[in-house]
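Take a look at the structures listed below.
You will see subunit A twice below: alongside subunit B first, and alongside subunit C after that.
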Partner chain A sequence: MSETTTGGDAARDEWYAVAIAAQLRPGEASETVLLDEPVRVARSADGTLAVTKADGTACPAFERYGHVWTSVGAPDHEIFDIPEATQEGRTLVDCGAVRVRCSPLRAVENFLDIAHFPYVHTDILGAEPKTEVEPYKVHIEEKTDEIWATKVKFFQPQAAKSAEGGIVTDYMYRVPAPMTAILYKTCPPQPGEWDIITIFVQPLAEDLCDVWPWMALFDDGNSLAELIHFQQMIFLQDRSILENQMPRLLPLDPKMEIPTRADMTSVAYRRWLKKRGMTYGALTQAA
Partner chain B sequence: MTLTLYDYVLSGSAYKARLMMAILGVPYEAIPVDFYPGNEHRQPDFLDLNPSGTLPVLVDGDLVLTDSAAILAYIAQNHDPSGKWMPVGDAAQLAQVIQWLAFSQRLTATAGAARLHDMINRPLDVEAARKGAHAAFRELERHLTDREFYGATFLVGDCPTIADIACFPYVALSPDGGIAHDDYPAIRRWLYAVRALPGFLEMPGIHALHDLRDDRPGTVTHAAE
Partner chain C sequence: MALSEGLKPGGVMRAVIGDTDIVVWRTADGQANAWNNRCPHRGMRLSFGFVRGDRLACLYHGWQFGPDSVCRYIPAHPDLVPPDTITATVYRVVESGGVIWVSLLDSGEPDIADVTAAPVRSIAVDAGVDQVRAALTGATFPVSADWQPGTGRFSAAMSGDAMVTIEGEAEGQSRTLFAALQPLPDGRTTVHLQISGDADAALRKRLSAWAERLRWFLENPGEATSSWAPATAEARAA
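Here is the complex of A and B:
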């Protein structure tokens, strides 16, 4: 079997996080890679951001949601809006990048999955025998062409750092861009609001990515370090699973894997990627 | 007096202390340190506590311990009535334990460094680190194979010691740094034996033995912290 892809131009015309804004101080620069292209992310002495390719070509660069964003292509759209980012009372948490040897699309798909909670995040985000994923809703928001999964419920022994004891947690998932996912979850200290946890996935190569988790939480009493540790613990539990998924690239051909009803979000995500020609990191046909 | 552990959830060295205290049922207070991305361990407040800027740190009253092997020795010596985890009564065994504690530093410097490189992009000659890790793993594999011929499971003597706890994390976590366990069958059996210890604690990248959950003999249930 050969792994076939068809380019990845659609991936070039998207926005990607490539650094934590607060950690790039005036006069500093970092070297990274975006879609196989080496790029340099720098902040000049006066604070201006610059992202340049190896040949000196300038890429767009701006700060949003705690990170520096850029593109190696020419996006015809603004970066997606996260209204919660500016809502008063939220703690914004930069979690740093975790490098994972997997397709960037698989990192997003794993983030959208609930069924693995009891097995991978045992006694934290899920616990046996309460492993059933109850029916939930998935739709594509027509105006914005975003995927939304709503009415997701799952029993969690310790859903968040601020949660004591098990609760049934309500979730929503939002995919505003192919390599970004936002999770909305019950917020124990602030009923009626949602905590949000996002992952901004920076594709380095088709099978290698830096995942930048970022959170906007209503949290009482936890230190920033505690919040970061909780998120890193969860994400690192996923990492070893992600690095062992086969095939490495995400199959978009519906004949290649058999989903169950719990995988509705994943099915919608794969179809949506295919429709948008997002083939970078994907397997488009079984050979 | 409560023990205080300055902790980082992804640190294999901090995990040695957590694991030892979990197995011996030692209560402690954990203070999370933002090692990454915040670099809190290199900030003045932390350097006042530990000038070498490393994690973990264990504080007991006026005593500040900044080396994971020293921390293991201190915990075992104070909280293990059986005296088996730190066999001070047997010169040969104690010396071997200390030898493996030194060996564990090689694991940290090779397999542990490769993991930080692969996981959070720390600058490193990763090929050299992996090569060093495989060399250390081959030594460990040979020792554990010898031990099996004599009917023993752990590194020293007849039961687990702090030597096993010191060597376990960076061997168990090595796939995170691109170092597979496939070529080391004796190491794999030893990892399994450590994971089967009553009171075993997992960390991200090291899973508990699923099928032994709750019903294995000698399981100690600790109250939620």
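Here is the complex of A and C:
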């Protein structure tokens, strides 16, 4: 099997989270890697952010959604908007990074998948025998070229601490950029609103990424520490899967992995990546 | 690949031959199967999966595959009969003399000894399969010293590329020690040991200690000489 890629230029011209903004205090710096390039993320004494490559080249740097964002290329677009980030009444939660030895694209695809809940997040996000995935809708928003999956429903055995027994939870998914995904989820304390859970995936290499979960939730009485602990547990369960998928890169050739109807979002995602020339972290041809 | 007793009914294990990643599993009623270790759905290693009756289920989405490797059940769509084109890649399996043998080739007769033997131990050694084979056939490793039956004569011979048989005597009886060799991807080798006839705990323990000395010998070529390898306790300390 040849793990072919073609440079990943499309990936360079995107925005990526590379640090938690609140954890980078004035006078501090952190070293990280973005698309195989070492970068230094620093905040000066007066609070100004700077991201620089090893050769000293300055990259754009700004704060948004609790993180420091940059690009090693030249994006021709602003960062995607998350309107919920400024909605009153939401608690914004940084969770830290989970490092995963897998393609950043596999990490996003797993996040868009519900059929694994009963097996990977057993008795938390799903449980046998309620494993059925009802038909849902997937479309590409033409104006923004974003993927949306709507009318997703799944049985959740323990939707919230307050919820007794299981309930059917509604979900929506939004993919505003190739390595970002946003999950909208029924919000028990605030009917009619959606909690949002996002992952900002930082591609370190084609087969290595840092996943930065970030949430904007209505208060359900849980402490911040409990919320973070819960998300970390979920992502660690996902990691045990992601690090054991072969090949590590995401196959874009439809012949290499067989989908079923529940995988409509994943199928749309793979096609959308292919159309955009997003080959970084992807396997574009079968051996 | 593995000793038969190491894979109980309903058991699943990962094995590797060269660069090939393999899942070996046993149905509830005892049939051993070996497939490429990859779910055709999303590439998950099937060795993380679980057995239900005569099916192996993938850990990721619970897809179930029958012993013929055809997908029989997709939990996301309980009413769907999966097309029989969804399959795992199957390898040939032969269970003989307490060892599970797997061939990556589609044809050819298995060239393995059909014997009745008791399992002793599987041990991974940081040495290539050729080196292990050479040592076991007696060129470099003093087999008789540590097999330790007291008195007796020993000789080793090859049975196919993957099996060394060592004839000897233990507790006054003629015995044969079988060493099945499995090459691992990182240049290491797993040696699966069995002995003809019955083996009580004491004999197993002695043979197990012998296997550890074999490992020490192979992993310390500079220190070991053509005479005796050091005692097990020293080997452990080293």
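One rule holds in what follows: the second predicted complex is superposed on the first by the 282 of 287 C-alpha atoms of A that agree within 3 Å, B and C clash if a C-alpha of one lies under 4 Å from a C-alpha of the other, contacts with A are read in each partner's own complex, and residues count from 1 in each chain.
Here, a contact is a pair of C-beta atoms (placed from the backbone, for glycine too) under 8 Å apart; a residue touches a chain by one contact, two chains touch by 3 or more.
The shown structure was predicted, so the numbers you read here are calculated from the model rather than taken from an experiment.
Trainee: Is A:Pro259 touching the first partner subunit B, the second partner subunit C, both, or neither of them?
Mentor: second
Trainee: Determine, under the contact definition given at the top, whether A:Arg239 touches first (subunit B), second (subunit C), both, or neither.
Mentor: Once the two structures are laid over each other on A, A:Arg239 reaches subunit B alone.
Trainee: According to the stated criteria, A:Asp9 is in contact with first (subunit B), second (subunit C), both, or neither; which is it?
Mentor: Once the two structures are laid over each other on A, A:Asp9 reaches no partner at all.
Trainee: First (subunit B), second (subunit C), both or neither: which does A:Arg99 touch?
Mentor: Touch status of A:Arg99: first partner only.
Trainee: First (subunit B), second (subunit C), both or neither: which does A:Asp36 touch?
Mentor: neither
Trainee: Can you give me the overlap between the subunit B contact set and the subunit C contact set on subunit A?
Mentor: Touching subunit B in the first complex and subunit C in the second, residues 240 of subunit A appear in both lists.
Trainee: Within the complex, which stretch of subunit A touches subunit C?
Mentor: Listed in rising order, the residues of subunit A that touch subunit C are 113, 115-116, 118-120, 128, 131-133, 240-241, 244-247, 251, 257-262.
Trainee: Under the touch definition given earlier, write down the residues of subunit C that touch subunit A in their complex.
Mentor: On the subunit C side, the touching residues are 21, 37-38, 40-45, 48, 59-62, 74-78, 80, 82, 86.
Trainee: Could you pull out which subunit A residues touch subunit B in their complex?
Mentor: Touch list, subunit A to subunit B: 20, 23, 94-99, 101, 122, 210, 223-226, 228-230, 232-237, 239-240, 243.
Trainee: Which residues, counting only subunit B, touch subunit A once they are in their complex?
Mentor: Per the touch definition, subunit B meets subunit A at residues 7-10, 32-34, 36-38, 40, 118-121, 175-176, 178, 203-205, 208.
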